[in-house]
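Shared between the two complexes below is chain A, which pairs with chain B and chain C, respectively.
The block that comes next holds the complex of A and B.
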């Protein structure tokens, strides 16, 4: 070794066994207001944000959670029956989605991933529109401006930048709306999510980064994405963050309300890590038994978001059989409406494939469409000829 | 009419757009206080404010993705990518979001984003500062792509691009930034020639020479030189690369029977090949010879001491014209 060599040799190299942080802490320092057993525990900072929530409202949150789990079950069934090509289940994440979405105002704007169908339900989406994409009938289920929710994003994390840009627009307009970005634990590794936090912090944009840490990015555990808690990443960008029990609808609502209030009053962005669990597969095409332990699933089943609200309402004697029946009937009705809308959805027409690529005519594409319509017409099929006419 | 540089003409067009539409917002790296590394946005932040001419953090995907969000909110962002070779971090947002959102949402969400990219070589720069990435964008449906070749077009077409409800990639030939030309600022962009139309910039009868951006000047010079040699070259400035105005090219080729296309970008999978194929399909029986492409090589952009070997110049274009005319040329006697 050269005498002036200042480098220091290591002795043990980090290998694949050290790559994922298997000790990634999921517990500890979580904001929790309702325990898994249904006990209302007080929290010095967050109680104030939900002190107005009555038992009746709690029951309504419960209802929404039951309904979206039913939507999820029904959509999974539709996929198994060949009516949908694919479905990304949300089971287990009901409290994260309902607790946050119900805190939003109509004039707030949501940018989500494909798993936030519970959020879409809260925004008032037409039930048929929820399954439109998954049936292959469209690339987007709804007009974003009709419910102030962008159509779900498939590119992981890309929507966090859209939310940040939208928030810049809100700021520019002098409005007090907030942009809400939903994404998962895997997305926190994407450059876009990190760039979004840089931009949001630099411009103090009224945006909330709502991360549902459901522990799994398809087969990759959250410990592979991060060796520190996800909420701590935000701190590095100068963005206030909080970890909440994502299966506790009240805690999620409290954290969201706090962040919304900060954003509405010029306090800039916030980051919420809702610690929850994806009880189902990544999508209906996935097989989680290949990568995760059944015990883990059992542990999380004991932390179910609905059970604890029901227990709390029972403790307070605000639970009734009538409530249970009403909620179940509502869930069934919603599922039935969605199923019927799905099955009766008209197929798109062949020449629809060319529609809306541009907002005004594009000569190359017009020629391509013309040639294809001539090709279709060459079969002499009157139905196709009619659809060709319709497209002109 | 005012004499102004190419750079000043774009600046003036941007200023007009900012004045006419409060929804226009400029975003980019160093575009504010500095006025851009090429000074294209010089003085605009001072006059329109930091909230309309925004110096952004150094993250191209971040700039493009936030522009998408602003467009969602009803704004009309104009994004400056500092150099051609720096656009790739934004490529995902451009291809997956900017280009597809209108289609994805069945027309509900408009993406009136203008992406300004200084492109092309000839300025002696290090790597990543001289590229011609236009084919990546013309291959992406949902985008409109234009390239300007002179100050008057630069002034008009930047305003047309900003006014378009579709996303437009606006390629600026950086080696022409300091070229001067007459600009009539009284022309209304709405009634001027559409940015989607090509323009015949030199009339001729023997060969059609198609180009765009930085090589239009070189092509016109080549036409002048050819005229000395008794060859009449018709030069077409494509202006729009998506869509290409094939009708104008076709009409010219029906007249001349010969086609040469020249661009700085590499040849394989490029604009030249698309024009050669489409024109051959449209007027095969009017062609007297196979179409000829005179382009950059299919190499990474070379170090600056060699860039003039890569870039098509007047002599290489004339060699291509000779090939189209069946006159002695560098490939004479070579088969296949």
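The block that comes next holds the complex of A and C.
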């Protein structure tokens, strides 16, 4: 296996008479540090960015990946059991999310899409808060400033504008933190993302465009909407870009660290294309078997992000039963905490709708709230009356 | 003794807004002990086949539905006996177990648009207040200015009467349709209110509009039909008529006579030369930006014309005329430069008088005036006669080369091809260069191959290296 196994076409196969592949590939070799077989391969440019990563730290990255896959599995089950309205699975993208999120500092700020629940976990989000929105109990799951991560953006790609704007703010503050925008392959076709890149490049804003190319924009394959590699789209904006094996946690971390350093030292924006795969459906309401080839799924299953790290640790004799047990126990505990937090979550009260609309008191809103309370009270339900008191 | 309790699992909404699902198969039997999240059933929704994980750890006490049954969301499908100290996972939906399933819900899948309000509350009636107005003055101030838009004015009265009474009474709202369908109806002169929709929820489709017109039971529609039939007929006519005979006259007749006379009296020889005109194009760009040429319309043709005039000075035999009657060769010491122009009237070759005496700027202005005048069809007979040599610019049509026919009485004509970016030898390597092919026809009675070749080569070397002019004049 070599780096090109993960690419859309494969340079080796793209001869001049192989046009089908040829027009997909315009350059940019895939950065890979751990092969799917678990072999650590050296890379002249990127080794230096992860030379400090010990086997213990690698095991910790492994643990995080196992935990977020478990969060994903548990949340999917909760949806099937009627406890969540919807869930967007992240299975397959663990290395992209953990490798990038673990490279961030606390003072960096994340602007994500709805699929970055693994990133949220790394930022230290309360497990119950992860599912709050998906249960339909709140419009936003957490206070963005408590973990320096905006609540997930549902509008495709809009968060890249927020990230760029935040990065301009960092510039004005003279700080050296970085805004990190997560989005998918489909988002690169959105006007918002393109506008964000124009502004980021113009102002050399400290923002990273982290694109998880999971190959499917719901049912549309990435090849349909981009005849060049997504990383090459950034080149058109004058933003340095790199294609990285998104199932290789070390390579993702190396690429992210490089981009972070660039941003922190006034080098402006970067674009990272993490080439990965959405192993599950787009959301729990989707049936990927209707548009996706089972063979493709099988190919990508062989490139699993966790298996290769485990193989590498085994090669280095840093793997142990104890580690495996500990990681499994941690995943179980996290899943149980999230499940319990989810099913015991109190239903929102009618008057909660007035919360969080304005940061300061607002007389017109108070008037509306007063009217609505009296309307609710007119039903004579003591429970409603109680909630009305509680809301005040 | 451990206290136990019975928990029901009700079918959840597995998609976004589903109302029912079919139980495909049970993966467990009554009496089985199951763990949390163990797959207990496979169900198919309108969106996908999914596996149902058990929400409890316990013993299956009842399967309420058979495989193959379509079950409404909210109905119990399986019961479990679980330990009381289970951790108190509440039943899904937090509702009491004996709560009746919710009233029949309309499916409203995310991405499939909003369901029309079906509750007992009054349905919002859009534009209901218009009803009275429309009843008072039916269709005269119809929101669709149908008749103005019809190909020919149609009488408004029959259209107004054509409105079925029922339709006018029954509803004030415009029937549901899409903008393209309303456009179609408007184009066909059809009142959309008169059409009965057969699409989902009474939606008017394109076919409904077409069928309505096809029925022809209404004057307005019939009129519209005849209008479309007419245009279709005329279109068919063009396709059906295999030959069209047009009298030979005017410019066509003149052109034909000139070409025949030229082709069969002057023995033509044609030569081609392809040159790298990039330096000329660069010069052109510089000149355009320079102050002396501000306001002038400089084109590649301007430079070609200038190059021809310079080359002609070195090769005067190209600027001659064969006088058959006098049995003399006339050498012109002036140049009236003809420019072939496609005009509304046909091909004309007006010429620029004394072009040899013009500066580049003057030549540019003269060319602009000549082409503008020709395009407007206002070229005077004087401008059309007395030419001594011509240029035809076939490059504007994207053509590279051809054999131009001499304008009668002239010894040569130069055809300029399109300027193309092509791989070309440049400084020992292949580069993308701007390349043009020149085609020169000359009267072999007057001009030998040597002279013709030198003339063409001179033009070519000027265009590929404009600085060479310094060595020529």
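The rule we apply is simple: the second predicted complex is superposed on the first by the 349 of 392 C-alpha atoms of A that agree within 3 Å, B and C clash if a C-alpha of one lies under 4 Å from a C-alpha of the other, contacts with A are read in each partner's own complex, and residues count from 1 in each chain.
Quick note on the criterion: a residue touches a chain if its C-beta (ideal position, glycine included) is under 8 Å from a C-beta of that chain, and two chains touch if they have at least 3 such contacts.
Small disclaimer: the values here were computed from a predicted structure and weren't measured.
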Room on chain A for both chain B and chain C (clash or fit): fit
Partner chain(s) touched by A:195 [first = chain B, second = chain C, both, neither]: first
Partner chain in contact with A:344 - chain B first, chain C second, else both or neither: second
Partner chain in contact with A:74 - chain B first, chain C second, else both or neither: second
First (chain B), second (chain C), both or neither touched by A:140: first
Partner chain(s) touched by A:83 [first = chain B, second = chain C, both, neither]: second
Per-residue contact with chain A, leading partner among chain C and chain B: B
Touched partner set for A:228, first chain B, second chain C, both or neither: neither
Partner chain in contact with A:285 - chain B first, chain C second, else both or neither: second
Contacts of A:169 with chain B and chain C, given as first, second, both or neither: first
Distance of closest approach, chain C and chain B, by C-alpha atoms in Å: 6
On chain A, the residue positions that both chain B and chain C contact, one per complex: none
For the chain A and chain C complex, residues of the former touching the latter: 73-74, 77, 79-83, 85-86, 281, 283-287, 289-290, 339-340, 343-344, 347
Footprint of chain B on chain A - complex, ascending: 109, 111, 138-140, 143-145, 150-151, 155, 158, 160-170, 172-173, 179, 191-192, 195-196, 198-199, 202, 355-360, 362-365
In the complex, chain B residues that touch chain A: 25, 51, 56-57, 59, 61-62, 64-75, 89, 92-93, 96-97, 100, 102-110, 141-142, 144, 164-166, 196, 242-246
Complex interface listing, chain C residues touching chain A: 9-16, 37, 47-55, 87-90, 92-94, 109-110
